[in-house]
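Got some structures for you, see below.
Below, subunit A partners subunit B and then partners subunit C, in two separate complexes.
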Partner chain A sequence: MARSEYVKWLFNLRMVMVLTILIPTREMIIIPMSRAAQEMGQPLNAFETCIAAANSGVVLLLLPLIYLVLTASFPTADENMLFYIVRMGRKNWILGEMLFQLMSVLSYCLMVVVLIVVQTAGTSFWANGWSIAVTDFDKMDYALTGFHMGTLLPPNLFYQMPPYKALFLSYFLLALFLLFCSMAFLWGCLCGRKLLAFFLVIAQIVLGCGMCEVKHVLMWIFPFCHSVLTVHYQKYFRKYAFPPNISVLLFLSVLTILAVLCYRKAKKVNLDMIGGDVFL
Partner chain B sequence: MIKVDHVSLTIKKQEILRDVSLEVGRGEAVGLVGGNGSGKTMLMKCICGIHRSFLGEIMVLDKRICKDLEFPPQTGFIIEAPGFLPYLNGYENLKVLADIKKVIGKKEIIGYMELVGLDPTEKKSVKKYSLGMKQRLGLAQALMEHPQILILDEPFNGLDKHMVEKMRKVLTRQKQEGKTILLASHNEKDIEYICDRTYVIDGGRIISGQQS
Partner chain C sequence: MGILFRKKKVYFFASAAVVALICLLGGILIVDGKNYSVFNVIWELPQSAFQNYGVKEVFDIGTTGWLYILVPVVSVPFASYFSDERKSKFYLYLKGRQGTLHYLCSRCLYALCSSAAVLFAAIGSYILLISFYFDLNPNHDGAAIVGGVETVSVQGLCFHIAGKMLYLLVYSTAMSLVTAFLIYLYNDLFVNLSLAFLLNYLLKNLFFQNKMLYPIAVLLILVVVYATVRKVRCEKL
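Presenting the complex of A and B:
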């Protein structure tokens, strides 16, 4: 069941949209960072651009939006799915849908990492240490590069942890956030409000991103802010603005609640009413 | 075998089914005739447990659907156009479905594919199948796990004259083997050929029930 949904998702024509991630990441992160590294005569770490993407407001806004568009036609409830559901039962079906969401989120995060890393792989180094281009950003001539490296990879991130940990935590939080979005969307679908759920999920992403950008005090009520690793830390070593462990716990708690809600709702839902594509 | 007792269904303030009652006995083949939008498909969806928000009671094999059981037991169905995984061939699609319950093996799948006139060794993926081939694969899917009950909504859609004739014979033989059949069709000839009785449904109401 989960495999069938996953294969449908993976070989969907809409999947070419993943490639659109290349444009903003290249224009806003890879080119400026590579140019700055060139100016300093220092190579970048292979994962630094990836970490920057997962901690930059605009790119991080696009990542969940593209993921939602990719999953807008799920859960499918076409006749083929009905053959499965009738044979396996509603409980197994909804558990399969949740497993599919987990698989699609992990695959999507992996695709993002690979698409970004391959662009700088040839000119960067592979080690668990930050590059001098990033750590000595203050020695760079701002007039020459036209941007400040610290805005892409903020010091409060590389002061706190090595790049591998930053990469793992950044994408772990992003994956939890994507899972939250897709589970909220799934619950909306089961309630027969697919379109409304789609726009509500998008609205909370956009609002959360806006709040996060202006560092508003209310930003922590939006799940989006909990998915941005850099805003969790202050400049001082192990000084938190909000402990990332608490964010992980919050995500896991909300995901558990959503999973229970979806599970209970799936027992009562009219299966012929949940299908369809938001864009059709 | 199947008992629909005073079933009504309203969706978005629109009455889809109005106080529908019907019965299908063991080994009986009953036809459901009605125009587009008459409520045939929705009634079948309710009997199959796909649509749950109906009022009234539906019993299949003495179990209340949506109360005692999620879905009717030992039932094969086709409702609307059957869909399959487009990148797999016909045999692989049936194998994936058969692997869920594991009550049949390769031999039965091949047997039922041949019964409906499909070649089990055909490598062509289902996305290259014609509408008629998909319909026959749907029929094989409904028959393959030896269900006692068959609920078939327009099973002859997209089939040519020769195939319709062949499928009629397949269903007649199923009836002779003691299967209970509820068959919806636009074509009254299909119903006359296979069914013992007919219910006519119009505007969500059963307007007549008669011997064929």
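Presenting the complex of A and C:
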């Protein structure tokens, strides 16, 4: 079941949308960072652009939105559905759907990382250390450079941890957030409110992003803010603004609750209500 | 034409709002390492901080850069309408009654009018807003400007704005028709808009030159490709 859904998702023509992420990523992150590296005559770390993308407001807003559009037509309810549900049972079906969501989230994050890394891989190094272009660029005369590296890769990341850890944590939190969005959407589908669930998930992403941008104290109510690694750390002190471990724990708890709710709901769901695409 | 504006009015408002937002988010000023957009400058800074900027300069800042990269946003209402029309097969009745050529011309006109409506609404409001806050000829406080200061007349400014609007209109119409052509090949609005964004991004260096030749060349190539695809499809039938 999970494999069938995954293959349908992976070979859907809508996957072209993943490439559109490259436009803001390239314009806002890759080109300025590469230019800064050239000006300093120093190579970038291969993953620094990925880390910057996973901590940038606009890119981080687009990533879940595009993922949601890609998965909006799932779970599929085609003509064969009744046959395979009779054969495998509802419990296996819903477990398969959850497994599909996990696989799609991991593949999506991997695709984003690969698409970003390939653009700078030729001129970067792979060691687990921040590049001089990132750490020292802002010490140069601003009038000459006209650009602040700190706006792309905030110091509260490179002062706190090595790049591999930052990469792992950034994408782990992002993956958990995407999984949360897709599980909430699945729960909405099982309740027969697919369109409403879709717009609620979108609304919490947009609101969370807005709160995160203005750094409002209420931002921690929104799951979006828990997925941005950089806001978890203070700018100058080796202290947390909010411990990332707690964010991970919160995500895992909410995901467990959603999984249990979906599992229980799947036993008595009206199968005619779950299918169809949100976008007709 | 009424159907397009009536049924897709939400898309028109959304597209116009996005275009106006893109114009307002154009970077204008850097103070203490912080990049101020036109919106930030108007909202946060005192008038003395931006008195060096004239309407013409601010208009150019807003209507270049990201607007060129995201110009397929303008084509969303028309693309959505065209996609719906293809899905409902309503175009078959129209084609049968009007003839193919008349139908194609009418859709080109729809694309033009749709782009014009979005652009005029968005950029018109942007011009209105900036004309309240910025002077026609900025005050440089007697500072020596290398190359001298160009004095802008109202007539000169109008010609400048009209030229830019005409270019943007042709450019966005070309992108609308590219999206419509992609819908003709494979009808999924998300896929088509994504491809239009990618294609526009790949060709952005040409469009950034502000030469009318490139959007027109895109239109001509589109006519040839459409004729070829249509011929192949008709032969198959």
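Quick notes on this structure:
Methods note: the second predicted complex is superposed on the first by the 273 of 280 C-alpha atoms of A that agree within 3 Å, B and C clash if a C-alpha of one lies under 4 Å from a C-alpha of the other, contacts with A are read in each partner's own complex, and residues count from 1 in each chain.
Assume contacts are C-beta pairs under 8 Å (C-beta built on N, C-alpha and C of every residue); 3 or more make two chains touch, one makes a residue touch a chain.
Model, not experiment: these values are computed from the prediction.
When both complexes are superposed on subunit A, subunit B and subunit C sit side by side without a clash. Of the two partner chains placed by the overlay, neither subunit B nor subunit C lies in contact with A:Tyr263.
In the overlay built on the shared chain, the residue A:Val69 is in contact with subunit C alone; subunit B does not reach it. Judged by the touch definition given at the top, the superposed model places A:Phe172 against neither subunit B nor subunit C. In the superposition on chain A, A:Thr20 makes contact with subunit C only, not with subunit B. Between subunit B and subunit C, more residues of subunit A are touched by B.
Contacts of A:Phe242 after superposition: neither subunit B nor subunit C is touched. Here the smallest spacing between CA atoms of subunit B and those of subunit C, following superposition, is 16 Å.
In the superposition on the C-alpha atoms of chain A, no part of subunit A is touched by subunit B in one complex and by subunit C in the other. Within the complex, the subunit C residues that touch subunit A are 30, 33, 35, 66, 69, 186, 188-191, 194-195, 197-198, 201.
Put simply, subunit B touches subunit A in their complex at residues 45, 48-53, 70-71, 75, 77-85, 87, 96-97, 100-101, 138, 141. Contacts from subunit A toward subunit C in the complex involve residues 13-14, 16-17, 19-20, 23, 27, 69, 142, 146, 148, 150-151, 279.
Those residues of subunit A lying in contact with subunit B across their complex are 4, 7-8, 11, 78-84, 86-90, 267-273.
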